[in-house]
Amino acid sequence: MGRKRSRKRIKRWVPAGTLPGTLVAHAEAGLEPVQIHIFSYDPDRCEERVLRPGEIPSLRVPEKGVLWLDVRGLSDTAIVKAVGDRFGFHPLALEDVLNIPQRPKVDRYENHLLIILREVTYPVETEQMSMFLSDRLVATFQERPGDPFEPIRDRLRKGLGKIRSLGADYLLYSLCDAVVDSIFPTLEKLGEEVETLEETVISDPVPQTLREIREVKKQLLEIRRAIWPARDAMSELLREDSGVIRPGTRVFLRDCYDHTIQVMDMVETYREMAASLVDEYISSVSNRMNEIMKVLTIMATIFIPLSFIAGVYGMNFDHQVSPFNMPELYWRYGYLFALFLMAATAGGLLCYFRKKKWL
Amino acid sequence: MGRKRSRKRIKRWVPAGTLPGTLVAHAEAGLEPVQIHIFSYDPDRCEERVLRPGEIPSLRVPEKGVLWLDVRGLSDTAIVKAVGDRFGFHPLALEDVLNIPQRPKVDRYENHLLIILREVTYPVETEQMSMFLSDRLVATFQERPGDPFEPIRDRLRKGLGKIRSLGADYLLYSLCDAVVDSIFPTLEKLGEEVETLEETVISDPVPQTLREIREVKKQLLEIRRAIWPARDAMSELLREDSGVIRPGTRVFLRDCYDHTIQVMDMVETYREMAASLVDEYISSVSNRMNEIMKVLTIMATIFIPLSFIAGVYGMNFDHQVSPFNMPELYWRYGYLFALFLMAATAGGLLCYFRKKKWL
Amino acid sequence: MGRKRSRKRIKRWVPAGTLPGTLVAHAEAGLEPVQIHIFSYDPDRCEERVLRPGEIPSLRVPEKGVLWLDVRGLSDTAIVKAVGDRFGFHPLALEDVLNIPQRPKVDRYENHLLIILREVTYPVETEQMSMFLSDRLVATFQERPGDPFEPIRDRLRKGLGKIRSLGADYLLYSLCDAVVDSIFPTLEKLGEEVETLEETVISDPVPQTLREIREVKKQLLEIRRAIWPARDAMSELLREDSGVIRPGTRVFLRDCYDHTIQVMDMVETYREMAASLVDEYISSVSNRMNEIMKVLTIMATIFIPLSFIAGVYGMNFDHQVSPFNMPELYWRYGYLFALFLMAATAGGLLCYFRKKKWL
Amino acid sequence: MGRKRSRKRIKRWVPAGTLPGTLVAHAEAGLEPVQIHIFSYDPDRCEERVLRPGEIPSLRVPEKGVLWLDVRGLSDTAIVKAVGDRFGFHPLALEDVLNIPQRPKVDRYENHLLIILREVTYPVETEQMSMFLSDRLVATFQERPGDPFEPIRDRLRKGLGKIRSLGADYLLYSLCDAVVDSIFPTLEKLGEEVETLEETVISDPVPQTLREIREVKKQLLEIRRAIWPARDAMSELLREDSGVIRPGTRVFLRDCYDHTIQVMDMVETYREMAASLVDEYISSVSNRMNEIMKVLTIMATIFIPLSFIAGVYGMNFDHQVSPFNMPELYWRYGYLFALFLMAATAGGLLCYFRKKKWL
Amino acid sequence: MGRKRSRKRIKRWVPAGTLPGTLVAHAEAGLEPVQIHIFSYDPDRCEERVLRPGEIPSLRVPEKGVLWLDVRGLSDTAIVKAVGDRFGFHPLALEDVLNIPQRPKVDRYENHLLIILREVTYPVETEQMSMFLSDRLVATFQERPGDPFEPIRDRLRKGLGKIRSLGADYLLYSLCDAVVDSIFPTLEKLGEEVETLEETVISDPVPQTLREIREVKKQLLEIRRAIWPARDAMSELLREDSGVIRPGTRVFLRDCYDHTIQVMDMVETYREMAASLVDEYISSVSNRMNEIMKVLTIMATIFIPLSFIAGVYGMNFDHQVSPFNMPELYWRYGYLFALFLMAATAGGLLCYFRKKKWL
C-alpha cells in the first residue's frame, strides 16, 4: 500500500507543451460525484446549503458578509472552470487545483490568493487542499469528501467566537489551522509505532522489523514533504501585505505558523529516532550473530584437541616391534590416563577462555 | 553507455588563453547538416518555413509580429556566427551556445537575454537548449534535431490559445516550460526502475542489482545537475526587470519555476529512495550470508562432539593388559551405548540451540 | 523513564479546528493547587506575598514600581484567564502558556511580550517557563513549583545590586538568565557520564554500554531542542525595539545571549563526544570479536594437520600383504617419529604465524 | 610525492609577532634566478623585453598604453620590494606575494587591487599567481617559470583581437581566465583516472586500488581548495566598483566566473564518483571474501558428517562379545554400505544447499 | 591529560541567578601571584615597568601616547576589579575576563571594546586572552604568564617599525595577530603527527593507533573551537565603526582576518586527513583480519578431505567376511594409493583455489 501511494504521488504531469491553463481531470480523481456546499454568513446569520452545479454562475457574495464555497471532489472539471469563471480566478491557479499533487504554496494573483496545503490522515495519506481567498470570498477545493473542517462549520452555524464577524481572511486562517493541526494525531500514532519498534529492535530483531522501520521513515518523510513547504507558505502569508489579509488576522496566522514549526520539530525528532533505530537494529542483529559465532567457535575449539588425543591413541603402531611404540596403550591405567588428559585439556581451555572473558 | 555519456559531458574546454568569443565547433557536434526553421507570426497569421543559411543576413523580424528562429544542430559555426551578426548577439553568448555543455543559466546582455536549459530524454541523456530573447525575437539553438516543441509549433500554426498575440517573451516561456516538462516522463520511468529494484533487492540481491542501483543514481544525479541550476535560471528570469519580459508573462514564468521545483522534489525523493536501496541491498546480502554461516556453523558444531566420541572408541588401548582399558568396547551393548551417547549429545545440542533461538 | 518523558513531550495538541484562544488545562498538568506569589517593589521597598485567586482582578501595579506575578502550576485555567483579563494579555498568548510544550520563542503583542523558555533539570527533564513583560509588570507561569529564581527573590528582598531600581525589563533579564544558567549543572553531570562511558567503552564494552550512550545522546538532544530556539529568542529580544526593553538592559541581554551560545557549544561538544563513543564502542566490540576469532581459528588450524597425521597412522592397511603398507607402524621408533612429526608441524605453523604477526 | 606536496603546502608561517609587512623569501622558493619580463603596449604597438632588476626603479607605464610586468620566481625578495616601492604596493600585499600559499582572494588597497589565484598542473601541483592591477598596470608574480599565459602573449605580440586596446583590466581578465582554464586538462586526466579505477574496482580490487582512489580524492580536494575561493574572488571582482574595472570588462569577468563554477561542478562530480568508488571497492572486496568463505564453509560442512561416519566405523567395539557390537563391520556389503551412506549424505547436503540457493 | 584538559574546559559556570557582574576567581586560576606590567609609550619613548597592585588607581594614560597594561594571572580578583574601576570597564566585561572559558568574541561597550581570543600551545592547550581597547589604552588579561607577545615588546622597546606611532588600535592588532599566528607551529606539529599516523596505519595498525588518531582529532577540534569564533570576532572588528579603530589599521586587521581563515583551512584539511585515517585504519585492520581468516580457512579446507580419507581407511570392516569389505587395505600398494589419493586431493584443491585467485 505504501508503494501504491508513493506511485500515485509521482505519476503526474501534463504532457510537455500543453496549452497552459488547460484543465484536465486528474487520472486518479475518481468518479464520485462532486459535492458543493456553501456557507453564506454575516455577523448576524449563517446560511448553509448544497449547491447544484448549474447555480454557480449566479452565485453571489452576500453584502457585508462572507461566502465560503466548499467543493469536495475534482472529478468534474466543468465545475472548477465554472467557479473560476464566476469569480475570475486565473487559469493557471485552476490548473494547480486539478493538477495534483502540488507542493504547498501561496500564489498571489491580481485580485486573489491561492493557498495550497496538504491534509495528512493516518495511515499516512495526503490530500491536497486548494483554497482561494479574495474579497469576502473563500473557495476551497478538496480531492474528496472528508476533511477536518467540521468544528469550523459548527462555529459558523452556532456563531461561536467571533468567526462570523472577522471576515474571509479569518475564515481562511481557521481552515489553514485545521489542516495543519490535523497532522498532530497522525504524528502521535507514528510516535507510538516508533516506540513499539524501539522495543522490538532489542527483544526480537528480524528483517521484518527493519522493513517496518523503513515504512515509518517513509511516512515521516511524506509528512515532512507536506509540512516543510507549508511552513514557507504560512510564512509568506504572514508577510502578505496586499490588503487581502488584515493586520488583526496576522497574529492568528503567526500562531498557525508556530504550529507548522512544531509539526516539523516533531517530525524531525521522530525521524532522528527512526534513523537511530536502524543503527540499533543493525547493532542488535550483529550482536546476536556474534554471540552465536562466539559460543559455537569456542565449543569447536575445545573439542579439536580432544579429538586429536583420541586420534593419537587410535594409531596402529605395533607395540610388538618395539616398546617405544605407543606404550600408553598397554599401561594398566592407559585409558583412564587418556580420558584424564582430555578432561584436563578441556578444563584448561575453559579456564583460559573464562580468564580472557570470552565466556 | 552510462560511462560514455558521462565522458562526453566532461571532455570540454577551449584551450586556456584562447581569444574569448572564438567560435569552435564542439568535438561531438557531428556532421549532420544544420536545419534552420523559422516561424514568423503575428496575431492574424503564421508563416513557417525552412531557411537556407544564405538567407540569414537578410532575415527580418515581422512588423508587429514575432520571429522564432529555430536552429537544429551545431556542426556549422558559420551559421551561429551569421545569426549572431544579424541580430547583434554578444560573442561570449555565441561561444556559450557552441561550447557544450554549459550549466543552465540566464545571462543578461545589453539588448538580449541568453537562456540555457537542458532537455532530458530517456535513457537519461541531456541536450543543451540555448535560447536568445530580444525584442520580438526568439532564437533557439539545439544540439541536434528532436525536441519537445512540437505542441507549441501546433499552437502557433493553428492559432490555439493566445500564443500568437502574447509576444516573444510568452513564446520563450512556452519553450522553457516544454523543456522543463520534458523531464517528467523520464523521471516517471526512473521511478518505475527504482520500484522494480526495490523488489529485486529483497527477493534476489546479486551484485548486478547493486550496479543497476548505481546506474539509476547516476542518471538521477545527471537530471539533478540539469534541473538545479535551471531552477535558479527560472528564478532569475522571474526577477528580470529589463523590460524584455512583460509583467503579464511573469505569472506564467512563476508556474514554470514551480515545475522546476516539482522536478527537483521528485528527483530528491527518488535519490533518497535509491540511496536507501543501497543500504537495503547491503543488509539483504549480509542477512543471507549470516543465515548461511549460522546454519553451517551449527551443523558443524553438532557433529564435532559426535566425531569425538567415535574417535574415543577408535582408540586402541589394550583391554587384555587391564580391565580399566576401554571396558565399554567389551560391553554387551557397548556399540548401542555409543550410538545412544551420540544421539543424546546431538539432541541436547539441538535443544539448546532451539532454546537460544539460534535455529 | 527516558521513554516516558519523551512520550509526554509529544502527546500534545488541541483538537484540530478548536476555537483559537480556547484555554484547556494540559492533560499532564496534575492536580496540585496553583500557588500565586507576588513581588511588588520599587527602589525603596519590596513587598512579597501569597495571592489568593480571588484577588487577581483587583491586582495593581505599584506606582513607580514593578510587579512580579509568579504563578506556579497550570492546573487551574481560571487563574490563567483571570490574569490575562486583568492585564490584557492576548488569548493566543494564554493558549501558549497552557498548551505545553511550546518551543522557546518571543512573541510580540500590542502592549506586551511573551517569552517562553525551558528550564532543564537533571536527570534531563524540561519545564516550560512562560514570561509576560509589559509596562512595569512581569508575569511568570511555571508548570510546577520549583525553579531557579530563588537567588533573584533574595536580591529583591534584600535590595542587593540595582535590581529594584532597574525596572521590569531588568527583572525579565534576570529570570531569563537564571533559566539559561540552570542548564550548566545538568550539562556538567552529563559530561561526567560521557567521561565514565568513555572508560567503560574501552575496558568493558557490553550492549548495556551502548544503551547508556544512547540515553545520554537523547538527553543531550533534548537540551539542544530547548536551547537552540532559546538562543533565537534571546537574539530576538536583543533586537526588540518596541520600547519595552530599555537600552541599558540590552548589554545584560547580550550577556545572557552569550550564555545560550556557550550552552550550545557545550551541548555540541558532548554530542560529538557521544557520537564518537558509539564508533569507539563498535570498534571496541569488533576488536574483541576479532581477537577471539583469530586466536581460536589459529588454534584450530594448528590441530587440523596434527589430527590428520594421527588419522593416517590409524589406517588399517595390512602390512602382512606387502611391506609398502604402512611400514612406519613397524619401525622401532615409529611412534616417536609420528609424535615428532606432529610437534614439528605444530612448531612450524607457530613460527609461520608469528612471522606473519598473526600471534 | 603526494605526501611531499601536501607537506609543502602546510609548512608555512612567519614567526608570530613578526613586524607586519616583513618580506621573507619562502623556504621553498629555490635558488633559481628570478626572470622579469615586461610587455609595454598600446593599441598600435607592443614592446616585449627582459628586464634587469636594476631597471625596476626607473620603469614607466607607457602613456596611453598598458604595462605588464611579469616576475617569474620569488627567490629574490629585493625585486619584489623594488616593484612594490616603484608602484606603491602595500607592504601587506607584498607579504602575501611571498608568503606562500595564500588562499585565492581579491584584496582592495587604496590605489590597486591584489588578485591571488592558483594555477593547477598535472600531476596535481598548484602554483600561486599573484596579480596586481592598478591604473594601466598589471604586475604578476609567479612562484616559478612556466605558465598558461603564452597564448595571451601571442595575442599581445600579434595584436590579435582587441586585447591591445581594451586596457589593463581586460589584460587582468585574460590572465585570470587563462589560470582558471588551465585546470580543465588536469581535471580531464583525473576523470580518466577515475574511470580506469572504476573498472579496476570491479575486476581486481586490491588494497593498492584503494590507495589510488584516495590519491585521486586528495588531488581533487586540492583542486577544490584552489577553485572554491577563486570563485569567490572572481565574484568579488565582478562586484568591484572602484573604477579600476570598467563596465565593458565585466561581461568577460562574468564568463570567467562561469568557468570557475564549471570547474567546481566537475570537481564535485568527480569527488562524488571517487567517493562512490570507495564504497564500491569495499562492497567488491567483501563480496569476494563472502564468496570464498561461503564455498569453503560449505565444503567443510559436507565433509564433516562423512568423517563422522568413517569415525563410527573406526570404533573398536568387540563383535565377539556380543552380536550387537558393530554388526555392520561383518556384513557382506558393509563397506559398500558405508560408502553409500557417505555418498548419500554428501548428495543430500548438496541438494539442500542448492535448494537454498547457497551454491 | 587530554581528558583532564577537556574536563577543565567544561567545569564552568557561576551559580544560576548570581548577581550579574559578580567577580569570582576561577576555580582553576591557581595561586601564583599576579604579575602586572605596563608599557607607556609615545613615538619618541617607551617606558616599561612592573606595577604593584596598589598603583592601579593612580595609573595614567600618557598624554599623546598609549598605555598597555598587561596583567598575567587571574588569581586576584581585586586587581581585575581595580583595573575595571580605574578605566570604567563594564562589570559584565570583567566577569567575562574571570569567567573562563569564554568563546572568542568582540563585545562593544559604551567607551571600550572587549576582545577575547584563545592562544593555543602544543600539546594542545588553550589560554584565554582578554583584551580591552579604549582611547589610547590597551589592557590585556592572561590566564597565566607566558605569551607570544615578546616580539611586540621588543618592537616597542626598540621602536622598530611604526608601532610606537600608530596608536592603541594598532597595538591591539599586533597582539591579536600574535595570538592567531601562535597557532601555526602547533598545527604544523599536529600535521606531522597525522603524517606519522598515516604510515603507522598501513604498516602496523593496532588499537593504540586508533586511539592516537582520536587524540589528534580531539586536539584539532579544540583548535577549531578556538579559531572558528575568532574568525567571526576578527570580522566583527573589521566592521567596527565606532571610531576606536582607525581606517589605517583596518588593512592590518584584514590581514589578521586572512590568517584566521588560513588557520581554519589548515585545521579543516587536517581534520579531513584524520577522518580518512580512521577509515583507512578500519580498512587496514579488516584487510589483515580477512587475510588471516582466508589463509587459515583455506588450510583447514584442504586438510578436511585428507582427514576424511584417513578416516575411511581407519574403518574396521572385516575383510574376512567378504572381499567387498575394504579390499584396498589388502592391496599391495594400498597405502601408497591412499597417500597418492590424499596428495592428489590436496593438489587439486590448491589448483582450484589458485585458479579462483583465492591464494
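Note that the chains are named A, B, C, D and E in the order they appear, and that numbering of residues resets to 1 at the start of each chain.
Simple rule for what comes next: contacts are C-beta pairs under 8 Å (C-beta built on N, C-alpha and C of every residue); 3 or more make two chains touch, one makes a residue touch a chain.
Note that the structure is a prediction, hence the values are computed from the model and not measured.
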| item | value |
| --- | --- |
| Intersection of the contact lists for subunit A and subunit E | C |
| Shortest walk length in steps over touching chains, subunit B through to subunit C | 2 |
| Any chain in contact with subunit A as well as subunit D | B |
| Inter-centroid spacing, subunit D versus subunit B (mean Cα positions, whole Å) | 26 |
| Chain centre separation in whole Å, for subunit E relative to subunit B (CA means) | 42 |
| Numbers and ranges of subunit B residues touching at least 2 other chains | 293, 297, 300, 304, 307, 311, 314-316, 326 |
| Topology of the chain contact graph, where touching chains are joined (line, ring, star, complete, other) | ring |
| Cyclic ordering of chains (reference subunit A, direction subunit C) | A, C, E, D, B |
| List of subunit B residues in touch with subunit A within their complex | 148-152, 155, 160-161, 174, 177-182, 184-185, 187-188, 191, 195, 198, 251-252, 254-255, 258, 261-262, 265-266, 269, 272, 276, 279-280, 283, 287, 290, 293-294, 297-298, 300-301, 304-305, 307-308, 311-312, 314-318, 321-322, 324-326, 356, 358 |
| Residue ranges of subunit C in contact with subunit A within the complex | 3, 7, 10-21, 90, 92, 95-96, 102-103, 105, 107, 109, 207, 210, 214, 217, 221, 225, 278, 282, 285, 289, 292-293, 296-297, 299-300, 303-304, 306-307, 310-311, 313-316, 319, 326, 328-336, 338, 342 |
